[in-house]
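What follows is a set of structures for review.
Look at the two complexes coming up: subunit A is in both, with subunit B in one and subunit C in the other.
Entry: the complex of A and B
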C-alpha cells in the first residue's frame, strides 16, 4: 500500500461544497483587512486628531477642542489662499493632463505614427516609471536661472528666458510641466486600452454617413472613450488635489507661497507640531477629494454609455 | 438610383497577397445584385471597395459613370448596412437615422419627415426615442436599414445584414428587404454566404470563389445552367449531384451503367478529356418521362415532410433524388429511375467549367 492510497485522494484546496459567498469572503477578507488597517484606520485617526488640541494630540488622553482647529485654519489667510491655489492648480492640471493624454493616445492609435509606435509609447511611459524625486531634481536643474539647460536653449534661440521656479508668475506652469512629464504616460496607457476596444464598425458607418475626422472624433470616438475619461479624470483629480512631492522637491512651497498647496502646507504645520490644524487641513482636503470624485463619477454615470 | 460598374477590379495586400482578381461587373439602375460565395471568397471585400472602405489596388469602380476610386466613402453617395448593425450606441434611434442627414446640413423639417417615413416603413416609429441597447437584433437591423433609407443614396450596400439573426427572423427580414426594393426601386448590392438569400432576393447573382467571378447571371440561369462545377455545387439544397464519369460513344458511363447523352452535349463533351456528370435531385424521376432509364438501388431515405430525399446507387455512383412524400421503398430495394437528357450537365473535370 503506497502513501497515496493510505491517505486517500489528495484533498482539494477548497472544500467541495463551499458556498459562493464563502469563496467571496475568502478572497476579499485579506485585502479588506489590509485596507482597514493601513487605509481606513489612519484616516479615522487623522479626523479624530483634528478635533484635539495640538499640544495633547499625540498623548493617550488628548484634550478635545471641538471645531476649534477648523475655525482656526479657515481664519488663516495662508490656508484659504492655499485652498484656492490647490483647486486652481488641480483644475488646470486635470484638464491639461486629460487633454494631452488623449491627444497623445489618439496620435499613437492613428496610422500617422507607423513604425515609430513602440518608441513613442516607451517615450511617454518611461517618466512614469522613473522615481519621481529623481525626475523633479532634474527638472529643478533644467529650470535653474543661472545654469539651467532650458534658459540656455532659449537664449541660444534668441527667445525670452523662462522664469521657471524663481518667479511667482511662472512657477505654477513650471511645476505643472514637470508633473505632466511625470504623469501623462499613465493616462495615455488607459486611453490606449480603451481605444483598442473601440468599435471599428461605428467608424466605418460614420465614414459612410459622411462624417469628417472631427465629427467622427466627436460623435463616435469620444462617446466610446467615456470609461477611460471617467477613470482618468477621477484619478487625475485625486492625484493633483494631493500634489506634494513636486513641491517638496522643487519649490518648498515658494516663491512667496506661490506653490504652497494644501498637502504641503499641512505638512509644514505638522512639522511644527501643529497636529490639530494639520489634520484639520488633511480632513478638509479628504472631504474635497471625496465630494469632487463622487460628483465627477455621478456626472459621467448619469449619461448612459449605451 | 444609379448604376455601378467594376472594371478589372483588383485588390491585393502588400502588392503580393491578391484577394480579388480582376473582376468585371455591370450593375444596372435599380437592380438588386447579390454577391454570393463561401467565406473568404472576397465578396465583402468587393462590396467594401464599392463603399470606399477598402482601397482599390487595380482597375476602376464607377458609380453612375463616374470613377470613384479615389473618393472617400462620404463622396460616393452610398449607404451601407453592416452585419453587426454598427449603430451609434449613445444616440437614440432617431438620432442614429438622422446623423447622416444632419452632417449634410439637411433642414430639420426634412430630416423629421424622412426619418418618420422610414420608421413607419420599417415599423419602428414607436421606439425612436430609445437607444440601440434596448432593442433586439431584428429591431437593430431595421434601424440600420432605416439609417440607409433616409439618406436616399444612389446605391444601397448590404454586407451580410441577416447573418446575426435567428432563422425565423432572417426569413421575415428577407421578405421585407425584397418588398423594400420593390417599393424604393433602388440599386442594391447585397453580400451573403447564404445561397437561399441570394436566390430569393437577387435580380442577378454574382457567384465568387477565391476572388474570381465564377458566374454573373439571373438566379434562374445560375440554377439551371451553372457555368462551373463550383456554382453547381454551391446552389440548391441539396446541391446538384456531381459524379466523375467517362464519355464513350455518345454515352456517359457511371461504372457499369451507361446513359445516352443528348447529341449536342455528347458533341461538346469532346472538348474535354476528364468529365464530371451532374444532375439536380429534382430532375431524377421515378416515372418514365422519356429520360435515360437506369437501374437503381435505394441506399437511404430522408423524409422531410413535404418531400423525401432518396439516395440511390446508380452504376457506381450515389445520386440524391427529390421524391414525393409518399415514397415508401425500403433501403436495399430496387427500382428504375429516369434521367432526362435536357437536365444533364457535363463539366470539364480539370478546369471545372461547364461544357455548354
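Entry: the complex of A and C
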C-alpha cells in the first residue's frame, strides 16, 4: 500500500502529504465490486463467448471455435443488412437530433420567447424522464391505422395519411419521430446550459461591427458551443447506435426487417440460445461505438480553436 | 442591440407552442383514452374529452398476465428505491476515493473499467450479465435486479465532478487538525455534498423507474416484474385491451412525472452537469 502512494507526483488539487491509500480501499470496494460483476466481467465473458460454440457457451468448458462466429455473422445477409441499417439510421438520427436541439435551444435562449421559456423547457424535457416503454406504447397506438389519432388528424386537415409502422417506406421515419420525442429535450437542455455560459461581450462587439444574424451565428455563437456540440454528438452517437427499446415496443424489427437494428437482432439470437453469434455481434457493435466516439473526440480536438 | 420585431416574436412563440403541443399531446391522449372504452376510441380516436369519468378500467387491469397489479406497483417502488439508495451510496463513496487518489494505478484501472462499461451497448451488456448472474446464482431474485440497476453513469459523473471542486485547502486544514479520512468524509465532505446527493438520488430514481430489460431478463417469473415490464407484456398480448394499455401507461408515467415537476430545476441542471462531464 505504501508503494502505491509513491506512484507519480501528487496532484496539485490534493494535499502534499499523501496519506496511504488505506481507507480509500474500503470506500472504493463496493463500487469496484459492482463494476467488476456487472461491467468488466460480463464484457470479458461476452468477448470470450464470441469465440466459442453457442451450444457449449454456458458450460464450464466451452468449445473454442476461433473466429467462426464472426465469419458466420458476416456471411449472414440479415446481419449485414442490419449493420448498414443501423449505421444509416444512426447517422440520420444524430444529425436530426443535433440540428433540431440546436435550433430549438437558440430559439428558447433568444429574447424572442420571453417569459414562457420555463414552460417550453419543461414541455420538451418531460418526455426524457417519462419511462420510454410508456412513451413508445402511446406512440405505437397514435400511429395505429385503426385507432390512430394521427391519421385521423391528418385527414381532418386534408393532408395525405402517414403509413406509420405498417409500411416499410415510412417505418424508419415513424420510429425516428418517436425517438426524437423521447430524447431531444436532453440535448436541448445541454445546448441551453452552454448558451448561458456564452460570452455576451462578443455578441455586443459583433453587433457594433454590424455583423448579420448569420455571421454572428457562424463566427460568434457556434465556436462557443463546441463543448456542447462535442458532448451531444458523442452521446447521440452512442445512444442511437444501440437503439433497442423503441423497436422492441413498436415494431419487433418489422415490417420485413425494416427496423431490425443490430442490438435487436443480436438480442433475438440471444433469445434463441445462439450465444456465440449474439456476443460476436455485441463485440462488433461495441467496436463501432468505440471507434466512432474516439474519432469524434479527435476531430473536435484537432480543429483549431474558434 | 436592435429590438426584435413583434412579428418575429409572435413567430417564435407560435413555434415554441407548437413544439410543446407535440411534446405534450401524447400524454393528453393517453390520459383521455384511459377513461374511454376500446369501442369508443375506435369510433372516434380524437375526441378531446372522455364520455364518462369512471375508474372501471382499474378492475380490468387488476391482474396482468396472472399477477395482481399492486404487485407490479410494489415491485416498482421497492426495486427503484432500493437500487437508488444502494447506487448513490456505492457510487458516492467510489467516486470520492477515485477523486482523492486519482494517480493510484489500480484506481485508474477501475475508472477505465467503469468507462468501458458505460460505453458498452447497454442492451447487449444484459446478455453477458445474465450469464454472470447464472454463474453466481443471482437470477430470479430481487437482489440481482437491484444491484445491476445500482450502477449508472450520470450519478458517477455528478459525484466525481462535485468532489473535484472541493478546495484542497479545506481537506488540508482538516488533516493538519489531525482528522482521520473517515472523519473528513463524514464531517467535512458529506455536509457539503448534500445538494449533489439529493440531485443524484432524484435522477437515479427517475432513470431506474423506467428500466425494463434488466428486470425482464433477470426475472424468472412475473413476481419480480415492475410496471414498465407489465406494460410491455400487456401491450404484446393478443386481443388488444386498448383502454387497459392506456391506463397502465398512465400509472407507469404519473409518479415520475409528478416527481419531475416538483424537482424540475434540480433534474434538468443535474442531468446536464452529469452529461457535460462525460
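One rule holds for everything that comes next: the second predicted complex is superposed on the first by the 267 of 306 C-alpha atoms of A that agree within 3 Å, B and C clash if a C-alpha of one lies under 4 Å from a C-alpha of the other, contacts with A are read in each partner's own complex, and residues count from 1 in each chain.
In the analysis below, contacts are C-beta pairs under 8 Å (C-beta built on N, C-alpha and C of every residue); 3 or more make two chains touch, one makes a residue touch a chain.
As the structure is a prediction and not an experimental result, all values here were calculated from the model.
When the two complexes are overlaid on their common chain A, residue A:220 makes contact with subunit B while staying clear of subunit C.
Contacts of A:263 after superposition: subunit C is touched, whereas subunit B is not reached.
In the superposed three-chain model, the partner touching more residues of subunit A is C, compared with the other of subunit B and subunit C. Contacts of A:125 after superposition: subunit C is touched, whereas subunit B is not reached. In the superposition on chain A, A:204 contacts both subunit B and subunit C.
Note: residues 204, 207 of subunit A belong to the subunit B contact set and to the subunit C contact set alike, using the contact criterion stated above. Put simply, subunit A touches subunit B in their complex at residues 199, 201-202, 204-212, 215, 219-220, 223, 303-306.
Residues 4-5, 7-15, 17-19, 21-25, 27-28, 30-32, 34-43, 45-46, 49, 57-58, 104, 107-108, 110-114, 116, 119-135, 137-142, 146-149, 152-153, 156, 181, 185-186, 189-190, 193, 204, 207, 227-228, 231, 234-235, 238, 241-242, 244-245, 248-249, 263, 266-267, 270, 275, 278-279, 281-282, 285-286, 289-290, 293 of subunit A are the ones touching subunit C in the complex. Looking at the complex, you find that subunit B touches subunit A at residues 51-53, 72-74, 78-80, 82, 84-91, 99-100, 103-104, 131-133, 147, 151.
The residues of subunit C lying in touch with subunit A in their complex are 1-2, 4, 8-9, 11-13, 15-17, 19-20, 22-24, 26-27, 29-30, 33, 41-42, 45-46, 89-91, 93-98, 100-107, 110, 113-114, 116-117, 119-125, 127-129, 131-132, 134, 136, 147-148, 150-151, 164, 168, 171-172, 175, 180-182, 185, 206-207, 209-210, 212-213, 227-229, 231-232, 235, 242, 245-246, 249, 252-253, 256-257, 260-261, 264, 267-269, 271-273, 275-276, 278.
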